[in-house]
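Each of the next two complexes has chain A plus one other chain: chain B in the first, chain C in the second.
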Partner chain A sequence: MPNKNFFWFFLPAGLAMILFIGLPIISTGIQSFYAQHDQILINVKKCDPFGCKESVVVDQEATSKIREEKPLGKFNGFKTYIDRNHLATDQVSEFWEESKSFGEFIGKVGNLPFYKALVFTLTYCIIVTPCVLLLGFVIALSLNAISRKIRGPLIFGTILPMIVTPLVGSLVLFWMIDAEGIIGANLQILMDDPYLSVKSSKSLTWITIIIYGIWHHSPFAFVVFYAALQTVPQEPLEASIIDGASRLQRVIHIVLPHIYPVVTFVALISLMDNFRVFEPIIGFSAEGSAQSLSWLIYDNLVNEEVILFGSAAATSIMTIIGISIILAPVLIRTWREFRTNR
Partner chain B sequence: MDYGLDKKSNSLKTFNTIFIVIWLLIACFPFIWTFWGSFKVRADFFSRADWWYAITAFNTLIETGVRFTTEAYSGAWFEGEFWKASRNTIIVTVSVVSISLFLGTLGAYALSRSTKNYAFWILIIALIFRAMPHITLVSGYLFPFFQLQIWGILPTTIVVLVAINQPFTLWLLYSFFKTVPKELDESALIDGCSYFQTFRHIIMPVMWPGVITAGLFSLMLAYNDFTVTALLLNQENHTMVPKIQSYLGTNQHEGNLMWAVSSVVSATAPLFILVMFFQRQIISGLTAGAVKG
Partner chain C sequence: MKKILIAISFLLFSTYANADCNIKSGSINILANDFPALRTLVETAKECKGSADFKVTHSAEHNKIAVPALTANPSEFSVRVAANSSIVPLMNADLIRPMNDLVKKYGKGIQDSQLITIDGKVMAVAFMANTQHLYVRTDVLKENGIAIPKTYEEVVAASEKIRAAGKMKYPYAAAYKAGWNLAEEFVNMYIGHGGEFFKAGTAQPNINNAKGVATLNMLKKLADLSNPDYLTHDSEAIKVEWESGNVAIMTLWASRSGTLLDDEGDAKITAATKLVAPATVGGGNIPAATLWWDGFTLAKNRSDADAEASFRSLAHAASSKEMVAKAADQAVWLVEGFVPGPKSVGVIEAVKMGAKPYPMLPQMGLMHGALGSEIVEFLQGNESAEQALKDVEAAYMTKAKEQGFL
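Presenting the complex of A and B:
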């Protein structure tokens, strides 16, 4: 297709992506260097019959005036990135000096908001992604062995957790594990502890969110693996049966190598999706014990008094950097393949 | 062809069946349970005394006189103005699907028929854009949208959702267009069609399965979105998902939990019906990018 035709065909889609994905990323970058204005304080002398007192009050007029003139806030450079709510360099070096052991240092750093969120996000990614791959593959193998006639409805049932929005999915589970819900109540009976509550324990909340993640994402892995299994050639499988390969050997030596490219695809997609984990935290009302990077940004943006644009933007930029690190190996590989093909 | 070489032992078959049954139970039971519970009163579905009340409808019988009550539904839909949210959802979903299909088919067709290097780079950039967490994009939108005073209204959200959806739509349709033989275009071009005429009259008619799949995915994205709609729409214009969240209540005001339960069911039911009819397309769509490329 000539360049001119390509341009006109691609223009609408390209424009939409540049305006609403490309520019916002740049805008986030700019915002991250600014911080909201401080309130302007003035000294007021207040006199009453018992004498004069000097007090400091907020000059509402001047504050709103400067906010109107410079809505972006004041220039802050990299200060937002290193403040207590983000990388917290001062605190980290302080902890490094005063901590007696490495474990104590890690424990202290893990309590800073940004690192806390980072730890949760990474834990979630590292546990959920392999579990999703494994469970999805097992379900696909298992469904593939079942009679074709009843597969349709079974597939429908299997993909239900994937098609509902994460907020709804997590709410549905949350209501069940609630102390007043079916699973929560039965857990109390089972553990013989009438005060057992998934909500109040940090580790139990983490486990719940991780189980939810596996429940929600496995169907996606299943669908892709299931379709890939349909393309596995029969001849090598039959040859291996004649040669006496066991079922497990067939899966490891014939099926897995055949669907290997699909496995990397699913791993990449679920890693990207797991890194942005956010809605389950709202659905499970887990803000107290589990925070993710995306949740930190959301929290800044729904701040009641002043929306913390700068703080949200700084976290966003660091999240984007995180995503790029995850994507980098794939991009480098694609580029190499592209170069050798040319 | 199956020569019957692969003999499965009975114990393996039983094990397999048990596994599938357990998995289906895990996958579906939460929805069945919520659907059942939405016809009860709060004291039953969230019973302090005994979870078995949710099945026997002990309190529902006392409070309403029947075992199945639609109180939660009428409350959410009328008093809670869920009808407004569902109307907004319909507007947003229909617009997002039609606009993103229009942009997506044009763009993906161009990408699939171009042999230049830049087509490859555009696809890579689209992949990077696809990986961006939506909340980071929203944090980029909020400030400019406040300044331009286009925050809170439906058209802004529609355009944003279309754009967020474009990378995935492009990739999906690209892999579908790749399966349409190039000879088809070439013969049309030789016969004197312009590129647009070729696209409109020759390629689109054979592309319907791909377009339906891409449409379904745009629909699911627009229908299910929480991040963008919750932060870019004002209270009045909220769609279903943020509306459900508002029923949950916050520290400041108490929500109405049964409204949330019934609206979760109301929001999920249309989606399930849709998937039931279009299951094949969804599966082919998820695998199109993966298996072929």
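Presenting the complex of A and C:
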């Protein structure tokens, strides 16, 4: 396609992207450098049905004047990024000095909210993505091999987890793992521990969310792989059968190399999706045991009665940076292949 | 015959009410939490809407909507039904208007005690009171020879006895869901221990002390006697546990008693359920509970005509003797003419025992938020009480610095 045509085709999408993705990201970035003005508090008499008492309130007259002058707030530079709820540079160096062993240091750092969320997010990403790829591929291969007559309904059944709304899917599992649900109660009997709770145990909650993630994301990998399998040429496959190649050898040496670009694509999308894990945490009410970066943003914006815009913006920017870092190897590799192909 | 008479008198009354308000213009749009008493109040306000436009949003997510919706100009809602804690973010951001003139002009039936005044300015009109107190199953207690517990130490002992008797696996329940609910339980217990959240006159946190540790230890003891899924249980979930007969002693909001004691569910459990005073803790004499009021506020970013229409219709409800007589079971109304019934016991006892109101401080929301997430690991047994409290203070201070309180 000539570059000119490409430009005109791309223009509407490009404009929409700048308007709805580019500008909000820039605005988020700017906000992350600002904090609220110093609050001007005054002592006043407060009365309610239970009595009167002297106490502080925000002085609105004085505050509104400052706000009008500088509506964005107080410039804070990178201070939000390095405070305790984010990168916590001061705390980390303090822990480094006072910790006796490396394990103790890691334990203390893991207790800081940002790192706690990062550890869960990365664990989720690292386990779910390969499992999704593998499971999706295995399902695609098996469905590709069975009779065409029953393939349709089976494909539908397989993509069901993706069709079910994430929140509903997680709620179903949430009730099953309840202490009186089918899985929870049976686990108690199996482990012979009447006080076992999947929901309050940190590791079991993590496992549940990860299993849910694999269940929910596999169909996507399956659909893409299944489509790619339809394009695998038959001739080399037949030739290899004549040469006496086993099924496994055929998959490894012919099918996989052929669909390799698709695998990269699915890996990329899954990584990106998994890094932003959020719905299952809400669905499982797992805030206590598992927090992700996306959940931290949500928490700053809605869970407090005071909205922390600067804090949420800083976490958002760091999530974007995190995704870029994770995607970098795959992207660099794709770029290199693209160059050599040309 | 009697029914017809009641119907006629009701008809007469409602026409009277409509004529009473005589609102000619403006529009009314209410944002409120979702529980029976608030629905009754809004319905009563609707009776006298006159020719004004009337809309209402009842939502359990009201806290998340309120600030953004009222920041818009003109704001989405003209009225926000708020409580001690949720009025604070509205005042911090200057989103609600004083209503002294409206009270003077149209607030004839409103009692002075209903007015929430800040520096002499009426910022809200309260209509009901709320608190968390104990609910007990008299049959289970009697069977095991236990007296009604008055302190949390007695609650622990009683629960242990019930568990040891093999009667129930998890005899105690309270809303310990990580986040707002869990933090609220800490607030109650800490106040019961006589604690103060901030160093006097400052926004510096003050919870990492012996009282804080005692509070956490008591919460842990109670959690161990609860359903192991307690970290995911909110008020609604423990209500269900109670109605299934799994629980003998529970700490729950007074405002939830209406639906707990309705005709739905096991009649035996309902009959044996008794509402009693909130418990004290650690030898203290004030209850480990906070007093709450629910009241209405008027949005600032809305026209004066809308504010006037809204005030008049809600003032009608907040002073309606008929409403409090009809819905005496649903809440502890602060309205004149309310005769407390058996469901009001908790709140009335709490007031008598000198319970403190939930602290209405500008920075309290940040403390509440920090508590909700940082004490979880202690309850899970992964952290010491001192470390958890240290984390709460550190998390709070970071947020308070960003918000300009420190």
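We take it that the second predicted complex is superposed on the first by the 275 of 342 C-alpha atoms of A that agree within 3 Å, B and C clash if a C-alpha of one lies under 4 Å from a C-alpha of the other, contacts with A are read in each partner's own complex, and residues count from 1 in each chain.
Convention: a residue touches a chain if its C-beta (ideal position, glycine included) is under 8 Å from a C-beta of that chain, and two chains touch if they have at least 3 such contacts.
Keep in mind that this is a model prediction, so the values were computed, not measured.
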item	value
Which superposed partner A:I307 touches (first chain B, second chain C, both, neither)	both
Which of chain B and chain C A:Q249 touches, first, second, both or neither	neither
Larger contact residue set on chain A - chain B or chain C	B
Which superposed partner A:V168 touches (first chain B, second chain C, both, neither)	first
Partner chain in contact with A:P24 - chain B first, chain C second, else both or neither	first
Partner chain(s) touched by A:S197 [first = chain B, second = chain C, both, neither]	second
Contacts of A:T89 with chain B and chain C, given as first, second, both or neither	neither
Which superposed partner A:D178 touches (first chain B, second chain C, both, neither)	both
Intersection of the chain A residues that touch chain B with those that touch chain C	178, 285, 302, 307
Residue ranges of chain A in contact with chain C within the complex	35-39, 41, 44-51, 55-58, 60, 63-64, 74, 76, 80, 83-85, 91, 111, 113, 178-179, 184, 194-197, 199-202, 284-289, 291, 299, 302-308, 310-311
Of chain A, residues touching chain B in the complex	1, 3, 5-6, 9-10, 12-14, 16-17, 19-28, 31, 71-72, 138-139, 142-143, 145-146, 152, 154-161, 163-168, 171-173, 175-176, 178, 180-182, 185-186, 215, 219-220, 223-224, 226-228, 231, 234, 237-238, 241-242, 247, 261-262, 265-266, 272, 275-276, 278-279, 282, 285, 293-294, 297-298, 300-302, 307, 309, 312-313, 316-317, 319-320, 323-324, 326-327, 331, 334, 338
For the chain B and chain A complex, residues of the former touching the latter	1-3, 5-6, 8, 12-13, 16-17, 19-20, 23-24, 26-28, 30-31, 33-34, 37, 45-48, 50-51, 54, 102-104, 106-111, 113-116, 119-120, 122, 124, 126-144, 146-147, 159-160, 162-164, 166-167, 170, 195, 199, 220, 223-227, 231, 241, 244-245, 248, 260-261, 264, 267-268, 271-272, 275-276, 279, 282-284, 286-287, 289-291
Chain A contact footprint on chain C (complex, rising order)	63-64, 67-68, 84-86, 88-89, 91-92, 94, 113-120, 126, 129, 169, 177-180, 201, 203, 227-232, 291, 293, 334, 351, 356-357, 360-362, 365-366, 368-369, 372-373, 376-377, 380, 382-383, 387, 391, 394-395, 397-399, 401-405
